[in-house]
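The structures come next, written out as structure tokens.
Next come two complexes built around subunit A: one with subunit B, the other with subunit C.
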Partner chain A sequence: MSNIVFENVSYTYTEQPNLSNIPFAVKNINLTIEKGSSVVILGHNGSGKSTLAKLINGILLPTSGKVTVNGMDTSNQENILEIRRTVGMVFQNPDNQIVATVVEEDVAFGPENLGVPPHEIRSRVEYALNAVGMSEFRLHAPHQLSGGQKQRIAIAGVIAMKPQYIILDESTAMLDPYGRREILDTAHSLNKNENITTVLITHYMEEAVYADRVIVMNDGSVVMDGSPAYVFSNVDKLKAIGLDVPQPTELLYLLSKDGHKLPAGIMTVKDAADALEKYLLKGE
Partner chain B sequence: MLKDITLGQFFPGNSPLHKMDPRMKIIISAIFIVAIFFAKNIFSFALLILFSLILTTLSGIKHSVILKGLKPIVFIVVFTAIINIFWTKGETPLINFGIIKIYPEGIYTAAFMIIRVVSLVVGTSLLLSYTTSPIALTDALERLMNPLKKLKVPVHEFAMMMTIALRFIPTLIEETEKIMNAQKARGADFESGNLLNRLKALVPILIPLFISAFRRADELAVAMECRCYHGGDGRTKMKILRFSVFDFVWLFVMLIFSVSVFCLNYIPTTIKLSF
Partner chain C sequence: MKLTDIRLENVSYIYSPNTPFQKEALENINITFKGGKLTGIIGHTGSGKSTLAQLLNGLLKPTSGKVYLGDTDIWEKPKEINKIRYKVGLVFQYPEYQLFEETVYEDIAYGPKNMGVSGDNLNRTVSEAADFVGLTPDLLKKSPFELSGGEKRRVALAGVIAMEPEVLVLDEPAAGLDPRGRTEILERIRNYQKQKNNTIILISHSMEDISEYADEIAVLKNSKVLCSGTVDTVFRNAELIRSNGLAIPKITEIMLELKHRGFPVSDGIYTTSDAHKEIIRLINSYKKNGENNA
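Right, the complex of A and B next:
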């Protein structure tokens, strides 16, 4: 039972549940996130994607339905520490999640809360800082670091708790392109090398390209769920809910709309160039 | 610019003072303060000066820094010294200008008072702020006050608050700068006008600053919860503080110092003090 399961989950922020027309942030979600996968949840502002993330580790409890992590129900208070240890969460603003004035102290915060013995905390901190490539900054003050570096510290703080899942809730939204790259590479390497399930919540399409699975949310519901190739081959559908597609996809989409026979669901520049070359050579 | 201010004036280093366990520093500072107030005659005051000088040399902190640290107390020291000089009564006046009579006792009292305040400030800032990082100090306070937990004093919570406050000072300073620039770009004027106008000009800085601080607090609370924070119960610490032999040598030296101050007070001198 190592996965995250949503069973018919709805959540509303309103406090009067007997209103006739309740605005649900998410409604009737049925979803299973398998361990070891890398998942991207796409959606524009207000689509319910952040609510979904907070439901996973029990920061929010479902208004109706049930969320379980490795079989543990989030609504059971006894499970909550174990769930939060299992599911690490990194937020949008790097400044607002760093607690201590020294990098290594901050990374140690999670394990300290869990009551891990001191010498083991030390080795976990070293391991976590290594995993995000920040070992040399261990004694720096957080405010001396760049946005991307701070966010990597936040990720290290989560890794030190030895989680099975890491949710990055718009963690790249406040970063410059370079910082964004840092975080995506870190997430990618955690998924591949440490076998940690990563759930990336974002509204940047490019971040979805390398995921195993893309879930598209709109108005509190899942509207598309599948491989990146599958999701990005439905350009019309994505545009209808106000989402963009990666530039290469867009180019091929526009060309095929003009009658050129090009494959759909291509996401990288290289693949697009290859497809175009093949098409042009064939056309000659 | 504002970002570069040093917090609590900590100067990293490797001196014997830097190496002392922060808990021992707090204990030693307390003993030092008590000793200062026991000093009553010229010999004990001489010892006080000697000890302050030894501390200064051992710390490796530049003298200019220490003198700078004394600046804020110059006014109060001078003011009390003057009061002591003019208002202390003795037997035979040194200078007699009718109403104004200056007695030698007044001058001695003023001099001793200056030594007392200066060595107090120098000693405690050398021990606590110049050579101890704020985080080590907070940590040490939490550990020293740990027994108070039995009396339901929220020791851990206070220490956590201190840590978070220290952590967010640079962040909030940076934020203040941003808001000021944003308001300036909209034509706000912080530099001219009378005091009232300038105070009024601060309102558009303070309100956004407070709103953002509350939002930060909210987000930080959620982030802490996500990292399994549930108060001080069952919490461990990565850093283990251990007293070394060296720390006990310091304690021993300090105790000898205090006892000497106390004993030196009994050496008879001709100088009489009014305290």
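Right, the complex of A and C next:
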């Protein structure tokens, strides 16, 4: 079994789960994330998206229900080490994830802890730095790198442990547009070239455009699940839960509301221009 | 209410001068931030935006050149630079990390107290500032650490507003907030500016936000001002901005693309609502043409 499965999963941060009316961070989640896919989980603050991420690799354990990674139940303590080897996680703040004073030592930290033999560590570090495009910085001090570069080092540290899945929990939130682009391109390439399943958690709509699948969370539940085109064709629903849509999507949505027959779910500048050109030339 | 310009004249700033780490962060900057206007500063990380912010309220002293607040050279009396810092309020990036008092009230009151404000005046200025950023009175008694991220950020903003600065400089006030939080804080800033008629300088990475909220824009690139002026003049140089690796709003890109394909699209469209109107105008004119030809 190569996937991540949520079965009726609920989680609450309160310590008295027996009381009625307690707030659930996520409730009754049923979800399967297939190996090899690239998934984006969208939602505003407090929607439960980060809780979902932390349930995957056993940082949090379900209050009720079951999470399995490749068939391993996260609530079984014996599985935890193997699950964390299988699912790597990158967090929000690049400055909180760097442990060493030289880039390559930082990347080697994970595999060293796993007891990987030294010669293999070397080759893994090389492979990981290459995969994130940071090989030339191997001997640099991490604190002299930009936010995006630091985040790529954090990703390399995770890749060096050879995970099958990588979860990026708001890893782009503190970066500038250029740094965000770096991380998205890196995640994309890991998915396509290294066949690593990527789960990207974000509140930036534009980051969802190139995913295979978009899951929208609100108030602890999954409210939409499908292709980016499907999700972004539901502009009303997204707005109702406090999410934005990309500007091209918004423009075509406004025009459709006026009764103009334009396709829904358009996300890029080029597609919007194509659709508008076609519509204008028809002159209806 | 007086409108205070803030002006930089031939300003350069060098970090760690005369050491191997010497780095010129700003090079010969000449720019005026107009009184009563909201000016957006945009540029890549490392372009000098945050250095500029710190020069405006005298946290950094120019290596050469002058900073004027109104007609006053802010470094004329270096010992009185504190007075300038009260007049030019600076809200740092991620200001919520700087909250430290036991209650929200105390945190907002910290700045005005240091300026010697007390009693009823202090109460008034704190509650007015809290109101501007949309913090309800019941939150004032809470610990800042019980609040959400967006609320904490607004407490930090209120702490600066409470000093009633003539100029407010905000370094990435919306960074890291979700769409709802971002709109909320930017709307609050705009309303504050409208009511107080203050000079506001807003540093941001987001062209979309800047084009929505700013009256004027300054684009920084490699320690220099690449271009500046009204939103309209700056985005008329869309090609210049794009060729320098900065994004223009997606909506402007669509309009430029349509123009490029031969459609008579007007210039100067930077927001979705303007684009909406413009496309409707186009659709109607094409419809007429279609009818005439038939």
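Here is the rule we use: the second predicted complex is superposed on the first by the 283 of 284 C-alpha atoms of A that agree within 3 Å, B and C clash if a C-alpha of one lies under 4 Å from a C-alpha of the other, contacts with A are read in each partner's own complex, and residues count from 1 in each chain.
Definition applied: a residue touches a chain if its C-beta (ideal position, glycine included) is under 8 Å from a C-beta of that chain, and two chains touch if they have at least 3 such contacts.
Treat the numbers as computed from the prediction; the structure is a model and nothing was measured.
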item	value
Clash-or-fit label for the pair subunit B, subunit C on subunit A	fit
Which superposed partner A:111 touches (first subunit B, second subunit C, both, neither)	first
Touched partner set for A:99, first subunit B, second subunit C, both or neither	first
Partner chain(s) touched by A:61 [first = subunit B, second = subunit C, both, neither]	neither
Subunit B versus subunit C as contact partner of A:247, first or second or both or neither	second
Partner chain in contact with A:46 - subunit B first, subunit C second, else both or neither	second
Partner chain in contact with A:72 - subunit B first, subunit C second, else both or neither	neither
Partner chain in contact with A:143 - subunit B first, subunit C second, else both or neither	first
Which of subunit B and subunit C A:88 touches, first, second, both or neither	first
Distance of closest approach, subunit C and subunit B, by C-alpha atoms in Å	5
Residues on subunit A lying within both footprints (that of subunit B and that of subunit C)	none
Subunit A to subunit C touching residues, read off their complex	44-46, 146-147, 173-174, 176-179, 203, 205, 242-244, 246-248, 250-251, 254-255, 258, 260, 269-270, 272-273, 276-277, 279-281, 283-284
Subunit B - residues contacting subunit A, complex	3, 134-135, 163-164, 166-167, 170-171, 174, 216, 219-220, 222-230, 234-240
Subunit B-facing residues of subunit A, complex	57, 59, 81, 84-85, 88-89, 91, 93, 95-102, 104-105, 108-118, 121-122, 125, 141-143, 154, 157-158, 161
Contact set on subunit C toward subunit A in their complex	44-46, 148-150, 175-181, 205-206, 208, 247, 249-251, 253-254, 257-258, 261, 263, 272-273, 275-276, 279-280, 282-283, 286-287, 289-290
